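Pasting in a structure now, in structure tokens, and then I'll have a few things to ask.
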Amino acid sequence: MSGNKILTEATVKHLEEIAENIFRMHLYEPHIAQTSHAGQFVNIQIAQGTTIFWRRPFSIHSTNPESGIFEILFNAVGRGTQVLKKIKNGAKLNLVGPLGNTFNHAPHLEEIIIVAGGLGIAPFKLLLQDLRKQQLKKTVFFGVSSTANLCCLDEFSRLGAKCRVSTEDGSKGYHGFVTDDLQNYLQELPDSSHRELLVCGPTPMLRKVQEIAQTLQINAQVSVENIMACGFGACMGCPVQLAHPHDDGKRYLLACKDGPVFNMDEILLDD
Amino acid sequence: MSGNKILTEATVKHLEEIAENIFRMHLYEPHIAQTSHAGQFVNIQIAQGTTIFWRRPFSIHSTNPESGIFEILFNAVGRGTQVLKKIKNGAKLNLVGPLGNTFNHAPHLEEIIIVAGGLGIAPFKLLLQDLRKQQLKKTVFFGVSSTANLCCLDEFSRLGAKCRVSTEDGSKGYHGFVTDDLQNYLQELPDSSHRELLVCGPTPMLRKVQEIAQTLQINAQVSVENIMACGFGACMGCPVQLAHPHDDGKRYLLACKDGPVFNMDEILLDD
Amino acid sequence: MTDLSVKIGSLVLKNPVMVASGTFGYAEEFKDFFDLNQIGGIITKTVTLEPRPGNAPPRIAETASGMLNSIGLPNVGVEHFIIEKMPFLQPLSTKIIVNVAGKTGEDFVEAVVRLEDVDRIDAYELNYSCPNVKEGGLTFSANAAIAEQVTRNVRKVTNRPLIAKLTPNVTSISEIGKAVENGGADAVSAINTLVGMAVDLGKKRPKLSTITGGLSGPAIKPVALAKVFELVQNLSIPVIAIGGIMNATDALEFLLTGAVAIQVGTANFINPRAPLDILEGVRDYFDKNRIDGISSFIGSIKT
Amino acid sequence: MTDLSVKIGSLVLKNPVMVASGTFGYAEEFKDFFDLNQIGGIITKTVTLEPRPGNAPPRIAETASGMLNSIGLPNVGVEHFIIEKMPFLQPLSTKIIVNVAGKTGEDFVEAVVRLEDVDRIDAYELNYSCPNVKEGGLTFSANAAIAEQVTRNVRKVTNRPLIAKLTPNVTSISEIGKAVENGGADAVSAINTLVGMAVDLGKKRPKLSTITGGLSGPAIKPVALAKVFELVQNLSIPVIAIGGIMNATDALEFLLTGAVAIQVGTANFINPRAPLDILEGVRDYFDKNRIDGISSFIGSIKT
């Protein structure tokens, strides 16, 4: 069980650029560190008095319940993250969390296959931590544009996962899209049952994985990254369309509250 | 003659709290330092991307044409100045200046009498610099609430002025309002001709000085501090009402362009 | 401690701080953040006679000091609302105001009739700003005659206090305000969102699936203050203020301007404890300034 | 380099970046900041038949991502305008558009008649948003019939292009837009400011001497985009966009939405070189994205 969501102040303990324009931040907030599970996120107020109006959501990358520290991983893509990457140790960040649901691990799995594109890698360190004690094969397919954008491989290995890297420029690992590498891997498997895909990344990648999973009839869970105003179900601004509504109409779930993790065959992906 | 107004970036060279909540900032910007005169001001953009929308106007406190440095003096009263007081050396401040008109010194004066309330002291260091070479008596009446709010006395003395301090709490100098001390002084003078008052401060003080000047028939120039959006005559947002319009209607001048320095008998003060 | 209670018709709020429809869900989402019984009242997300799925994504966009939304009134419909949402609200001791909308005037009446049997509803807020089909494509609150008629029809089926929520997207909000006053409304609330649009230059398309949506947040506070002022000047019934209220100062400005109560909207997304923070700030202000009764403060602006 | 010229009726601008009335004085205030001949056009501060002193202070207030003003159209009157202000403008090579307002319809006509003799006026912008006395207390652009009639009357006395500047403070801006189109306007510009108010809690009074004023700046950009979109959809004449344009991205969003040109307003106070910065940003965008003609870009939003 995950803990109650709270409004709190976390203290920045460490901030590092671990790959090109990818930052890892250590935040001290025991409640988050002790009660969060993979897939959940925090919604961070970047800085009061700035023109950045909404909070910004970030997956909880990992937790250390003993030290009260949790990590986020982020890409400096826009106004908010440009500010975030300059924050000093000791600064307080006002945040709401833990928010959202978690990946769930069906019993009796043989292998979980993580498929991450770029910063889609963020939620999976915590997933491997959550699964540390479970005896099952853990494989990570990690696609990036170039070696410069790679991160986390050591930690993932240490957490018992086998990592397969794809780079679009061929500078490391498989030369091409991660989904092609994935497809090759799955097609070579004698049997894809007792396997599950856990996926996060850009929409074109998700679409391709959805297709693969459907064709090969593998169950897939996806973490979506809708734009969010509140992050906890109050604004209804983050709809995810149901693929198979019980009637003809359109039906929506909320990414922040019913998700961010959904069964891939349950929803329609949009961009 | 003052120089053309420019849009420029000044570099923060020094920032110091010189009295309780009063800050002095050294800014490097040669054009401003070399062409500005007493009464003029700069309009500073506090920080881009914040919710502080307008620029904030500050009198040019002093200039050093050789080093290209000019000073401002400010009170941390609100959102903008609270940010300003935390700015680091080396930071760039986007500003427009020099703006506004200047105090003007009638020829053949015997004495100029500066009357400043609180931060109203700001424009007068530059005035004393401008008048350094002029052989005339320079007296400064400086009113503050308490000794903790005093500043600039040494510099003013060094620039050849005689300073008379009033404190409302009696912790230094004359116990009471600066305008009472002023009135005493003026009444004891055998003759108030060839004297001029140069005034800046809160409106109640200005009103009182206006009254005294009218009664004693002394010429007085005042620097007003209207709220400003642009600072250079474009928005017409900073009207100052003419006391004696040529007809029955209301007539306004602009504080930023026609002022900030006005002859006191020319305008109506409002709050 | 200043007595902060205010009256809206026969409805007595223990304090003037409420939360705005559509920004507080059905309150349950906020129970982790503060004690809901502290605040004066809760306005529910809009309920319609029939269930509505809401609009396609994207439904929201961030703007300068505000946001756009085109949520599209998703809700489970009045029947399910009664069964699924009211049980959480009923045990609360704060006032519960159910916000109702309809495609037609009859929809409003029918929804209210259905809610009349339900316990613990203290008042209704009629959301006159949703797209309307039958009455000729105009929203209810853009046409005084329609707004008056719908209010009158709803008035006939309930004795509970009726608050008509007005749109600012009209030439004269007080004309509509007077019409609903004539129709029997006990109060008006204003403002709903301003029609706005945002563009995604990269994708070369509007940021909302519906092209335009509703603007809310601090950006619209000046508009809200002007509309509230206009309504206070022109109506005899109480005015409840909504629009960009983020902190206690904002709330006090609206009370000073003449609003008897305020609703916290978009602020709930930024600071889910905003309603309580605002209430505490208002209380502090009254205590510090030794203001005896809130009623002497309301509308005391010098103009 | 992309050809950035656009046409507004018979008026050809070398690029779509202009400056908005009342935010650029009579241009002289900006000559120190950039070469005025770079931009597409200059709209003067509103000129009226008779001189006007403007409103009492305070006239302005800062708001969230914007500002309120109640300047009150101070100006020297058309006679003095011609003598005192035109000589600076006449030698410029950019287009000069004189913004005209009046208390009555006849005032508009008379002012324009007086300006007809004057050289180097390339077009008129009719400011329909100022307080009106004779026509029943409504502003000109809140009443379609009046707006149409005034436009028609002005049309009779000039062959110069006429731009009708519309207020957003109406139920339907496109109704007014169609009326002025019928009246003979060559283009509309939108939006003027939104009615707003700010309160000084300390002084317990409104921040503006006139209580309410006009809201401008980034806060209103979403409203401006929605109004421009509505006008583009409903009118046949070109639409010129105004409202919260601070940078090239903002300008491009309006062009994408269908505006043929834009006016930079409040941004001029914050960054007196904004018009040039915006022009350069627009040019860069077209060059980088290899957009051949600006006309293929204008209105190309996918909806």
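A, B, C and D label the chains in the order they appear, each numbered from 1.
The rule is short, and it goes like this: a residue touches a chain if its C-beta (ideal position, glycine included) is under 8 Å from a C-beta of that chain, and two chains touch if they have at least 3 such contacts.
Computed from a predicted model, the values in this text were never measured in an experiment.
Looking at the partners of subunit C and subunit D together, they share no chain. Centre-to-centre separation of subunit B and subunit D, using mean CA positions: 36 Å. Averaging Cα coordinates per chain places subunit A and subunit B 57 Å apart. Chain centres here are Cα averages; for subunit A and subunit D they lie 48 Å apart.
Counting partner chains per residue, subunit A has residues 51 touching two or more of them.
Counting partners per residue, subunit C has 63-66, 217 as the residues that reach two or more other chains.
Taken pairwise by the contact criterion, the protein chains form one closed cycle in which every chain touches exactly two others.
Interface note: chains touch in the pairs A-B, A-C, B-D, C-D. Subunit D meets subunit B in the complex at residues 22-25, 29-30, 32-33, 45, 53-67, 69, 71, 74, 217, 266, 268-273. Within the complex formed with subunit A, the residues of subunit B that make contact are 49-52, 79, 83. Residues 4-7, 45, 51, 53-55, 96, 226-241, 249-252, 257, 270 of subunit B are the ones touching subunit D in the complex. Listed in rising order, the residues of subunit D touching subunit C in the complex are 63-66, 68, 142, 169-171, 194-199, 201, 203-206, 211-212, 215, 217-223, 225-226, 229, 244, 249, 252-253, 256-257, 300-303.
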